[in-house]
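Next come the structures, one after another.
You will see two complexes here that share chain A, one where it goes with chain B and one where it goes with chain C.
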Partner chain A sequence: MPANRTFDEAAIKAIIADMRSLDGPLMPILHAINDRLGYVDQRALPLIAQELNLSRAEVHGVFTFYHDFRKAPAGRHVIKVCVAEACQSMGSDRLVDHLRAAFGIGLGETTPDGRITVEPIYCLGNCALSPSAMMDGKLYGRVEGTRADRLVRSANLAAAGDGR
Partner chain B sequence: MAMLKEQDHGTPSRVSEETVSLTIDGQPVSVPKGSSVMHAASLMGTAIPKLCATDSLEPFGSCRLCLVEIEGRRGTPASCTTLVEPGMKVTTQNDRLAKLRKGVMELYISDHPLDCLTCSANGDCELQDMAGAVGLREVRYGYDGQNHLGQAKDLSNPYFQFDPSKCIVCSRCVRACEEVQGTFALTIGERGFGSHVSPGMDESFLSSECVSCGACVQACPTATLIDKSVVEHGQPDRSVVTTCAYCGVGCAFKAELKGNEIVRMMPYKDGKANHGHSCVKGRFAWGYATHKDRMLKPMIRKSIREPWKEVSWEEAIGYAAAEFKRIQADHGRGAVGGLTSSRCTNEEAYLVQKLVRAAFGNNNVDTCARVCHSPTGYGLKTAFGTSAGTQDFDSVMDSDVIFVIGANPTDGHPVFGSRMKRRLREGARLIVADPRRIDLVKSPHIKADYHLQLRPGTNVALVNALAYTVIEEGLANMRFIEERCDPVDFAVWLEFIQRDENRPEAVAERIGVKADDIRAAARLYATGGRAAIYYGLGVTEHSQGSTMVMGMANLAMLTGNIGRRGVGINPLRGQNNVQGSCDMGSFPHELPGYRHISDEVTRRLFEAAWQVELDGEPGFRIPNMLDAAVEGGFKGLYVQGEDIAQSDPNTQHVTAALENMECVVVQDLFLNETANYAHVFLPGSSFLEKDGTFTNAERRISRVRQAIPPMAGYADWEVTMMLSNALGYPMHYDHPSQIMAEIAALTPTFKGVSFERLEELGSIQWPCNDEHPTGTPIMHESMFVRGKGSFVVTEYIPTDEKVGPRFPLLLTTGRILSHYNVGAQTRRTANTAWHPEDLLEIHAHDAEERGIREGDWVAIQSRAGETSLRAKISDRVQPGVVYTTFHHPLTGANVITTENSDWATNCPEYKVTAVQVRLTNTVSHWQEDYQAFREVARQVGPEEIAAE
Partner chain C sequence: MSLRLYVPGDASALAMGASDVVLAIKAELARRGIEATIIRNGSRGLFWLEPLVEVETPEGRVGYGPVEPEDVPGLFEAGFLHGGAHAHRVGLVEEIPYLKKQQRLTFARCGIIDPLSLADYEAHGGLAGLRRALTLSGEAIVKEVTDSGLRGRGGAAFPTGIKWETVRKAEAAQKYIVCNADEGDSGTFADRMLMEGDPFVLIEGMAIAGLAVGATKGFVYIRSEYPHAFRQMNRAIDEARAAGLLGADILGSGRTFDMETRLGAGAYICGEETSLLESLEGRRGTIRFKPPLPALKGLFGQPTVINNLISLASVPIILDKGSAFYRDYGMGRSRGTLPFQLGGNIKHGGLIELAFGPTLREVIEEYGGGTHSGRPVRAIQVGGPLGAYWPASLMDVALDYEEFIKHDGMIGHGGIVVFDDTVDMAKQAQFAFEFCAHESCGKCTPCRIGSTRGAETVAKVRRGQDVEANLVLLRDLALTMRDGSLCALGGLTPMPVVSAIDHFPEDFDGGGPINDRPPNIPEPHRLPGSPGLAAE
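Let's turn to the complex of A and B:
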């Protein structure tokens, strides 16, 4: 991940100003920042607190509760591996190892070139086809053996297509 | 007294007309509607196991230990979140419930250190108690799984520590911070196994938004959040219920001790002023009481240039008495006087004024209320007939509109500030009139509807403009005025207020607030429901302080906002017993109970009781004493627990006066600044060392109980007694209760007050007499004490203190949460972690013009003097206004303030001083000279002299 990220205070303030009049504006604001900027910079939290008349602690509590709000930008493509009970029992560990062999990263990590992020998820509702994974919003079932290879290939292909 | 364990009913008490009857474990019980099953069970003596529930907090239902069975319902509902219903049949204990609870406890303990024997909460741990209650004998999961043990402690707060490895994530601390204190400094970060208590954004407690009120520590059921003093000393074994000696809120505390060693101060749930809440000062900053700076030996010296000589009590008292007598013989009876202390008890204040009137034979007695709320006394007495606030603190919970004028409750009166914030979160509207943006204007979940950021010194113009608007827009409560107020006074006032000079548009520019905002605030106050005014020294400490108090009284009467719950005019009084010291006759013109010294009937009453002839002429106020001393006619002063050399305005004038005196007797815990000019030092006793009573801002008389013996041998009342006896006027009391009996016998408003009655009722709000045998929470309910309420013409007269080319800025002064008054107490505690020095708040615009950056040394100069301190760039102040506190003696904030004062009461105009501010790299001449003098003046002579 890029080491020296600039903090776009103006963009964040604009998002807050845009949504602060909503009923219960904190979640929509966090979503908007996360979606538009790819993550929620820690420095944004006190700004949100100030504008919404909340404490820093409250904003922090909500922000850290949801894993999908990112503390740092993810890779351009995100593979989520289900590690809940059903998938664990059907070998999600092996899938994690497979991805580590392919990309050199474990759960919660991003490749140094910023192409791929692998992260854990707890149940995709696809238990009948365990182990499951999701890449860029697309669900994959029975991700073992050749199907795991195929997932890696799709990821590489997608990454290769970036910027074209 | 043995250790007092207060019962915890698990969920808050509910008040309801309706009661609900149900059966718990076969026993019938009736409780108010809205009560929880847990609360109902507790009332009948059944303690259902619980961890996340405590009766200071709303039920949460997370620990799953308080499960019960209810006939006809599925499952096992949590008794804390289940409300009672008629005919409900509850079972709190059977095999199934026991098994469930044990299972829950096993899970908790599987991730908890098993170090009970060496744990600081050993003996006071709810987790330990619950393990015992459910009969936990084994943990089937073992202890080897993933856990939270061995995490680093957060030791950043000077008073308490946070050990996350002992945390059970019950959220009691988070909820206490939100519900009780209203700061919202804590949260639960992350989720699931990662859940943890987070101050701010995973910051340390000290650097987070935490204000160290102690609510979280008190709420914690384990050793996770615990007082460092308990970690160090172990659990206390006895407790004494007493009253806090800091601000005018008057919180009830349990002093918890081991032998004569204080272990901690815990807020007392039954305290009517604080309901179990506290602030950083009362809860934690009590270390001054046994600080090494305490002076425990009497001392004398012939001249202030000489070192002090330690002597016996007899010699010190004898010397003081002889000097006072000599001065009176040489310079006349009126050449000496005394100051009562607003930090000492009612009984002690009473004795000092009695000494002055009976032993000195004059009325030269005054108190620090002179410099704080004397205008309140004058103004409210003139308008309503009593010199005190009209409501109890709980009244704020019925207010719909809260109008805060010149007060900073979250810093100055934090426990009441928290209550007010709770009401604001419930939806009350808020108007703040203050030159500075105090926290109430905007802080988490609090936002003022209107912040009238007026120019210092324009209060009266503002209050008149508000009243003008109410009249002009037809919002006056004419029925109230006709029924309750004096028609002649009202007619005269009405003619005055309708003058164009009071029209918002005419004065908006001078006040610095938009006319539209003035009008909108007036509408809200007049029509928003029950409206209450809370005010502080920002009202009184002005050349028109008394006028402003009457202006607010006019506004309240005009809108009928007086004489009921939720309304009223409420001074937030500064010191623990400033209300009491005023009640006790600490003024040169008034005997106890605010009766004029010239009133012959009252005087005869006291003369008969005291067996002495009293002077019918009012004596000197503090400023008169000081002026007379500078001129040479006033030579001796007995000062009990007050530091005029630091607290009073125009320091150089004060010290010149003190230097001119021949016998200054200081009775205090410490060598304070006034002691630098004293000839006799008599060691004082802290509130922990004596019996007596304090009266808080809501007129509540509460007991102060001796927790440890006086460290210097005598309580303050005994010292005054000895001095009086040495002066030749005999005083004999064996206990302060006898002094209170004398006060009650001589003072109609205190007629029903006695120590026995206080034991019975806990506390009493005066007036307490035959009509109101249990005291009076709300004043003026059916009629004003003076009969009809009086509207007083309150013409705005600008102060003489004006900005000009030499002094272009206005200085206003205030307080900060972590310090108290002159700081004599709080500076001797770890509270300095938050505020090590006084700072000058200055707006970026004014700072830039002068090349001042954050943290620079700046010189601040007025026509009275000059001093230096560090600058803090802040948008809390408006351009043209600078602000500082006066908690540190070497800052000398009062070197700057002037001799201007309230026209009626001489209360100094601390809040408005024209100044210039410039960059400097050095301390001022005053600071240099004073520092040098101070070093000499505080020397205590060598041991061998002391041993003579």
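Let's turn to the complex of A and C:
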């Protein structure tokens, strides 16, 4: 965890305060922080533990159990490629290769400029239109051939729009 | 009559560009000065036609699909707003055989109504089940569900009514209804479609469950891979609450039921009911020992009904039409209908709701139209990642819980994934172990360690290393995992592995991927006397 990353303690406390009265508040709080920051800053964990009256170990254990919660920010745009069975049958391997050719990265990697992360995901519920992928929350189906090119173009376009 | 158009807001339709089609239609309407209402319906489940645009005509709804934004000006030229002829015209949607031949009970409204309009919902038969339930005792409601023969649609096929009766009889100040919408199985999308296309039917089903067992609070646990469904479900709950369908006085009855959604966080194991409850409570999703049953000590230690989404969403029609109506569909001990989900390498993938009993062949060939690639079907996996891999020679088995078990398979949540003859079954077997290793909750050794060892061992076989000995080792490991795992993740991972070895032994001879070899692939056959691995 780079020490120079700023940490907005007040914002985290506000999220906790907003959700602590829910039944089973820990998961919604972790999701909210993960959404807001793009990852769960380790400095948030003791705050959550304190506010929810849990041990730090408990909160840490929950945080590490779930694949969704990130320890560090991903690239600015995240492409999740479905690598589960239905998509395998339609060539999700080829899609992974296509993205490797386009961005120079494989599953679980981020481009050196931090623009794009490619990750595996296990089923997006789009198995009748495999292979599937999701970029920044938007779903793509039949991602092969020209449609795979289109996904790459969308990713490049989104990355080009960053910081504007 | 004002013009009415339907363009699905279903995630799979969006994945094929439905929202861009809407923008194109709006632009063309504006350019031509035409007024029309565009309704974002759910999907009919004929996914190869998505985006499927429908227009209302005096004869019925006429469909056009698949529509790309570039097609839109041409559609206007063709007079599609009045059902005009066009290359993409598929005729009256309800007359398409794929849809017409189905028995849509649970999915009766999906794709037809505006999913967020309660008025539309009621006009199409919604709320009749809940209204009837409000006149019945909890015991009578449970009896209807028991008599209908409904079995859990999440995988284990446990009779829903029996589970409810246990919760009903339990004494507690607070009871809960939990909907399992974790739908982690590859090849399944029925829960997602219904949340997006007819969310009120789940709300109605959960409210009826609440009345039946005396629970006033419900949770829907939705996997995070389904952001569209999650948003839609939240909107529907808000609507329902505003309309008095949820809250302290449901439909003016003086009875209370309310519900909330919770988001999963990318853990397959959280589809297992006790792991899901742990997660809802804000803990690691590790499996709980049973007993105690969740029915007696479930969410926050209270008696809890936990059911798959399709189980709960099938209850309104059972209450509305009566248990006999539902029970009359199906075969043997598999009563009612199941929304089969056809995916993978298939030409016409989609949702096919049928009474139990059709053969796999009917679904794959008649509905599915064969593979997408046009190559022969080689393998079929039914029941998600823990389901058996079958060769095409087993396609004449009927889709019925018991028939599948007889052939060492399982129907599970009804997902059917088709592979053509380019599939490497040894690779699939390795993946089954890897998936188990990735998703294991870590509580028991056979699952946590065995899955990793299994993946390594299959890899050795694939490299041609000590093939005979390693295959013996694999079968041994499979038995250890089957018998020594606490839950079905570790317990059933052997199913795809052993079925692949049994049915496709030629892929496990160490000679490398079958398709990298010279042609003349041997016919798949089954080794006699292999140890079967039926679902517990």
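One rule holds for everything that comes next: the second predicted complex is superposed on the first by the 157 of 164 C-alpha atoms of A that agree within 3 Å, B and C clash if a C-alpha of one lies under 4 Å from a C-alpha of the other, contacts with A are read in each partner's own complex, and residues count from 1 in each chain.
The rule is simple: contacts are C-beta pairs under 8 Å (C-beta built on N, C-alpha and C of every residue); 3 or more make two chains touch, one makes a residue touch a chain.
Treat the numbers as computed from the prediction; the structure is a model and nothing was measured.
Of the two partner chains, chain B is the only one that A:45 touches; chain C does not reach it. Once the two complexes are overlaid on the shared chain, A:92 sits clear of chain B and of chain C alike. Shared-chain residue A:132: touches chain C; no touch with chain B. In the superposition on chain A, A:117 contacts neither chain B nor chain C. Looking at the superposition, the partner that touches the larger set of chain A residues, chain B or chain C, turns out to be C. Once the two complexes are overlaid on the shared chain, A:65 sits against chain B and chain C alike. Touch criterion met: A:55 reaches chain B, while chain C stays clear of it. Comparing the two complexes, residues 58, 61, 65 of chain A contact chain B in one case and chain C in the other. Looking at the complex, you find that chain C touches chain A at residues 11-12, 14-16, 47-48, 50, 183-189, 191-192, 217, 219, 224-229, 260, 262-268, 279-286, 300, 341-346, 349-351, 372, 381, 385, 415, 417-420, 423, 428, 431, 435, 438-439. Every residue of chain B that touches chain A in the complex is listed here, in rising order: 183-191, 198-202, 208-209, 442-447. For chain A in complex with chain C, the touching residues are 22-28, 30-31, 52, 58, 61-62, 65-69, 84-90, 121-130, 132, 134, 137-142. Residues 42, 45-46, 49, 53-61, 64-65 of chain A touch chain B in their complex.
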